[in-house]
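The next block holds one structure in the form of structure tokens; read it before the comments.
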Amino acid sequence: MSGALLSARGLRIAFGGVKAADGIDLDIAEGEFVAIIGPNGAGKTTFINMTTGYLRPQAGTITFAGEPITGLQPRQIVRRGIARSFQIPQLFTEHTVIENVALKVAAHRGFWHGLRPLLDRPTTAATMAILDQFGLRHVAEAKATELNEGTRKLTDIAMAMALEPRVLLMDEPTSGVASAEKFDIMDTLVGALRARGVTAVFVEHDMEVVERYADRVAVWSQGKILASGPPAEVLNDPAVLREVIGVEVKHAAGGGHAHA
Amino acid sequence: MTLLLLLAVLDGLAYAALVFMVAVGLTLVFGVLRVLNVAHGSFFAIGGYVAATLGGAVATTAAAPWLALPVLLVSAILVGGLLGPVVEKLLLSRIYVKDHVLQLLVTFALFMILEDVQKLIWGVQPIFQDAAVKALGPVEVGDIVYTRYQLFLLPAVAATTLLGLMWFLRRTLTGRVIVAVTQDREAATAMGIDAARVYMLTFTFGTMLAALGGALASPTSSLVPGAGVNMIVLSFAVVATAGLGQIEGAALTALLIGLGRSVAVYFAPEFEVVIPYLIMVAVLLVRPYGLFGSPELRRV
Amino acid sequence: MRITRRAALQATIAAPLASPFILPRNAIAQQRPNELRLGISTFLSGPASVFGVPGRNAADLLIEQFNAAGGIGGVPMRSVVIDEAPGVDFLLGECRRLAQNEGVDMMLASISSGSCLAVAPLAEQLRMPTILWDCGTQRIFEENSFKYAVRTQANAVPEIVAPLLYLMRTRPDFRTLAVVNQDYAWGRDSWAIWKAAMDAIKPGVRVVAELFPRFGATDFSTEITRLQALRPDVIFSTSWGGELDTFVRQAAERRLFERSTFVLPLAESSLERVGKTLPAGVIVGSRGDHWFLHPTARDTPILKNFTEAYRRRFNQYPIYPTFHMAQALYGMKAAYEKAIAANGGRWPSREQVMDTMRGLEFAHLTGTMKIRDDGQGLEPMLMGVTRHVNEYPFPVLDQMILYPPELTMNPIGTKGLDWVRLLTPAAVQRAPAPIAYRA
Amino acid sequence: MGRNLTLPTVLGIALLFGLSFLAPWLKFVFTIALAKGLAVLGILLLLRAGQVSFGHALYVAVGAYTVAFTRPVAGDVLILLPLAVLAAGTVGVLVGLFVTRYRDIFFGMLNLAFSMVFYSLLEKLYAYTKGTDGITVVRPSIAGVMLERVPYEWTMLCLALTLAVGLGLLARVFLASPLGQALPAIKTRETRLEFAGISAKRVLLVSYVASAMLAGLGGGLIAMTTLHVTPLLAYWTHSGELVFIAILGGGGAVLGPFLGAVVFELVRVYAAAAFPDAWQMILGAVLLAIILFASRGLWGIYEDLTAKRGVRS
């Protein structure tokens, strides 16, 4: 617990008998890049949902920077510095890319101040800086519906970053992205995160990505953490291979939604 | 006092039966098509008008008075079978991809058009055809005269409809397909279900139910221009209170409204008009998605 | 000149749009106009079209007849009909259009009292001669005085006092009473008048139920159950249209008529529709001095011809709004003719016509009536009790009494609701003798 | 968004004035239309968030009856109008705190419920409201000046126009602000808004109260123009009419509601004049045609026309 920025203790949640979390303990240190892997339906996304306040754990606590955040509303948790991205990008489909990100920038800078336009000078400048970091400047004026999947993913993460979080939770940042693009996207992404010193947790199915970008891997299976350690070590553990990689070789598309 | 309450219950039941008949069709259509059909009230009125017209013809020619009863059902099937598919194909099928507001307004436009169509066909003079009530005759409860039609037939038809629908939706293949589409349209189409056909079937059936409601109401009340308007608002309240697409919820809500209304007439007549809305607000305060509703599946 | 297709198309679209913007006819023309334009507001949609359409039909028929006979002072009439159903904001816009754009010479305004209350002040400002042809509220001339508005029929006060006097005469011994009125202004107003008058003439009657079902209600079972349990001697209802029909049917099916005496002041308009479902012995009114079998006018050619023509064309017997429209048209014709004569044969100004209206006595389909100096019409009230006869498939009125306005209408300068409190049992005795139905 | 609305606005005002000069009765119709346009502008704010209120006639009626009730004590337009707005705003906060917790059909139906309860109250409280007969409003003074009918009508038209332009501009600024931009976000991804630290409920509540105040203002103007108010103002078909106008005009720009309202009133007048028995059918057919063939409304048609001609500024 000492020095951990984000830590979970004894998290439990079940959906109609399926235990998505069954006594999870997890500590994440400041600046760490942690990958969560595991079979579909293991409860990986549920962990993100609980940490960000979308779901309330049935038991256990989550602390962030030493303070308990269990049971807070998503918007309260966000203000403390935990942001997230989504497996299926959650963009505001009636807005352009720059507006999508600017809404988040405005939200972070204080939303309830007067009637100045959303894209006033300071907000635009801050937004463009983020778009630049994520290589999105060329699509700034494009509608969210006109983007390809990779760009949508990046926009989704850029939106989360606009909140200037200390911790970013990402749900499969490369799923649905053409495999030729995935390293480009991860390079851009990790570069941006490192530049800002953000701690990151990401759920991932692609072992190549995990191996290349994670500092640490936590293996999630049937609501428990099966193993945790550096990628080289964990990904060669036979028990992990049998439990996770064996299933994951096919790289199933669905990935499992949050919950039913 | 107990007697008064019993009487209130008897009156409430008959009214609840009518409300249920109209609201259940609306609920069904909304559950499957996700379109809140304002023209449902027009179908109710047209069902009533057709039943009264046919009933009049039968009453003057036929020898057996009981023939007035099947006429009600025949009218409903006629109205639903003719109007339902036409409206669904020509109007609704073009707007499923559009905004909910636009879908609602399409049916609002249809309602306005049908209002005048009714006027052109049946005129403005109240029309009344009570052969069906006369065929069944009165019955006495204690000292009070009731009609068999209201006391037995209406609740019986409503109960049959409720049970029949529950059986149909749970036990038959078509029913389960409809339920599947109600619960998750995308998943259902992904499974290869012909959603277009399901929509058409459901809408036609919903229209028949509305028309049957109107047909059943016609022997006890006059048909006047604007007869459908009140029914629309009332059944909207029922749908929201019940929870989206909830058949049992519609039944329970109709019962609450029916009983609430007649109890109000006895003890607080001033509140009679607002009873449905009070019930709705109260229910939604406690259960934000309606009596039997659950939150829509939200993907994160 | 070449007209492109596009220009032609534009012109076709623009023409109907442009026509109302033609400058209005000179409103104060004193020379004889080519035609006399009448604006008529009535219900063409919604539940009250039950009255509105027969009223409009009567206007169509009578205007044709008048025109065939040379119109008014040689000038033919033409009507522009507007629907008052959409509400006051729409109606007032339409009235302005008729006055300022269609060059209407006379407005025949409204069935709804709300409409009349809104139209009368506007008429005053527009200097638009207006006849209130059917609305019943007594408030109009009690709370305001209008130069440009008159009413060619009675109002709510006699329409309620007459049935009460009739009930007192036919069934003086009643002790309990229940009311079932529509829950809107007329239902409430008429009950207030009845209650005040009844407390004055026959104090001590117990009101066992005051029921005000929703306007537009279609189900009265609960009300009927209550009435059956309470067994009042008298059931009073000023409902009308589809609701009255429904109430009568549901009450008949459940034998409520066997237990109580019904007083239905507007039921004349429902007789043909409810037929013999309405039993004999029900007290029925017709909102005035008119019925197609009017006791004193039934054999006059003017009424017989009208009823015949009306039936042939609209396949129904005329009901009270038909006669109210006729009174408005006959009253207007009489006023114009009198004003023309007083003007030395020259066409009168609006003001002259309106001045002539005050104190005017005129004949209409079923009798004569007078317009008082405040603009209020003085009209007898026909009351009767239902009876089943073989000649008609619906009940007719028997034991008819024509209550003269002196007995039922408050004098100028008094408020109806205050005046009825001064009524005494003597009023019951002063009524003329009943006239029996003749086959 | 960046489209220049100056030219169409100026043209529109010129047209309204020109027609009112040629046909005096149109002053009244246009004033009513602009007043309804204000209410529809409020509807538009909610539509941006994907929410349809089937009960905004409630606020129109609250505004109108506020004017009717306070006219005997306070006789000036400059007092009556703010009071109407204030009353509608107050009711808007109370109702809004409840209804903004709900979405879609529940939002729509709860609004309907509140408006119908208010409608019933107006009918029931006969002693105070005169029921369906309604209340006659004596013509109020304007800034202390009692005007005759014709100048009064001109002044009301100008007032309505000024308010329409001013509040249209304000609405435009609002819609471009973060708060206004969050409205479509409620429609598309409400949860994401929550994950941005923004309370969707509060965003909606602000817009809801604003829309209630706009409708109250419209209602106040209507009462001072018709000079007679009836409970029918609160009836649900009138709420439907407001939504109808919103769709007819199109939600693309703040001019849409006013364009829609003026066209709606004119179509209704002409339909009723040409076919007194079937004007509803004509209105219905117009609505149907707009939705099926031009679902962005009249403003959308205008945009397409000008875009083709390349007048985009």
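For clarity, chains are labelled A, B, C and D in written order, and residue numbers in each chain start from 1.
Please note the rule applied: a residue touches a chain if its C-beta (ideal position, glycine included) is under 8 Å from a C-beta of that chain, and two chains touch if they have at least 3 such contacts.
Since we're looking at a predicted model, the values are computed, not measured.
Shared contact partners of chain B and chain C, listed by label: D. Comparing chain pairs C-D and A-D by the number of C-beta pairs in contact, the larger count belongs to C-D. The most central chain, judged by the distance from its Cα centroid to the centroid of all protein Cα atoms shown, is D. The chain with its CA mean position farthest from that of chain C is A.
Inter-chain centre distance (chain C to chain D, centres taken as mean C-alpha positions): 36 Å. Measuring from the averaged C-alpha position of chain A to that of chain D gives a distance of 44 Å.
Taking each chain's centre as the mean of its C-alpha atoms, chain B lies 32 Å from chain D. Between the CA-based centres of chain A and chain C the separation comes to 75 Å, rounded to the whole angstrom.
Counting only residues that touch two or more partner chains, chain D has 124, 191, 277, 279-280. Looking at chain B, one finds that residues 115-116, 119, 229, 273, 300 touch two or more other chains. Shared contact sites, meaning residues of chain A that touch two or more other chains, fall at 54, 86, 90. Of all the residues in chain A, the ones that touch chain D in their complex are 52, 54, 73-76, 78-79, 83-84, 86, 90-95, 99, 102-104, 106-108, 111-112, 114-119, 123, 159-160, 163.
In the complex of the two chains, the chain C residues touching chain B come out as 45-47, 49-50, 52-53, 183, 210-214, 216, 218-219, 221-223, 225-226, 228-229, 241-243, 245-246, 249-250, 253-256, 270, 273-274, 277, 316.
Partner chain C is touched in their complex by these residues of chain D: 19, 22-25, 28-29, 32, 123-124, 126, 130-134, 136, 149, 222, 225-230, 232-233, 238, 265, 268-270, 272-274, 276-277, 279-280.
Residues 170, 173-174, 176-182, 184-185, 187-189, 191-199 of chain D are the ones touching chain A in the complex. Put simply, chain B touches chain D in their complex at residues 30, 36, 38, 91, 94-95, 98-102, 104-106, 108-113, 115-117, 119-120, 229, 233, 236-237, 239-240, 244, 270, 273-274, 277-278, 280-281, 284-285, 288-290, 298, 300.
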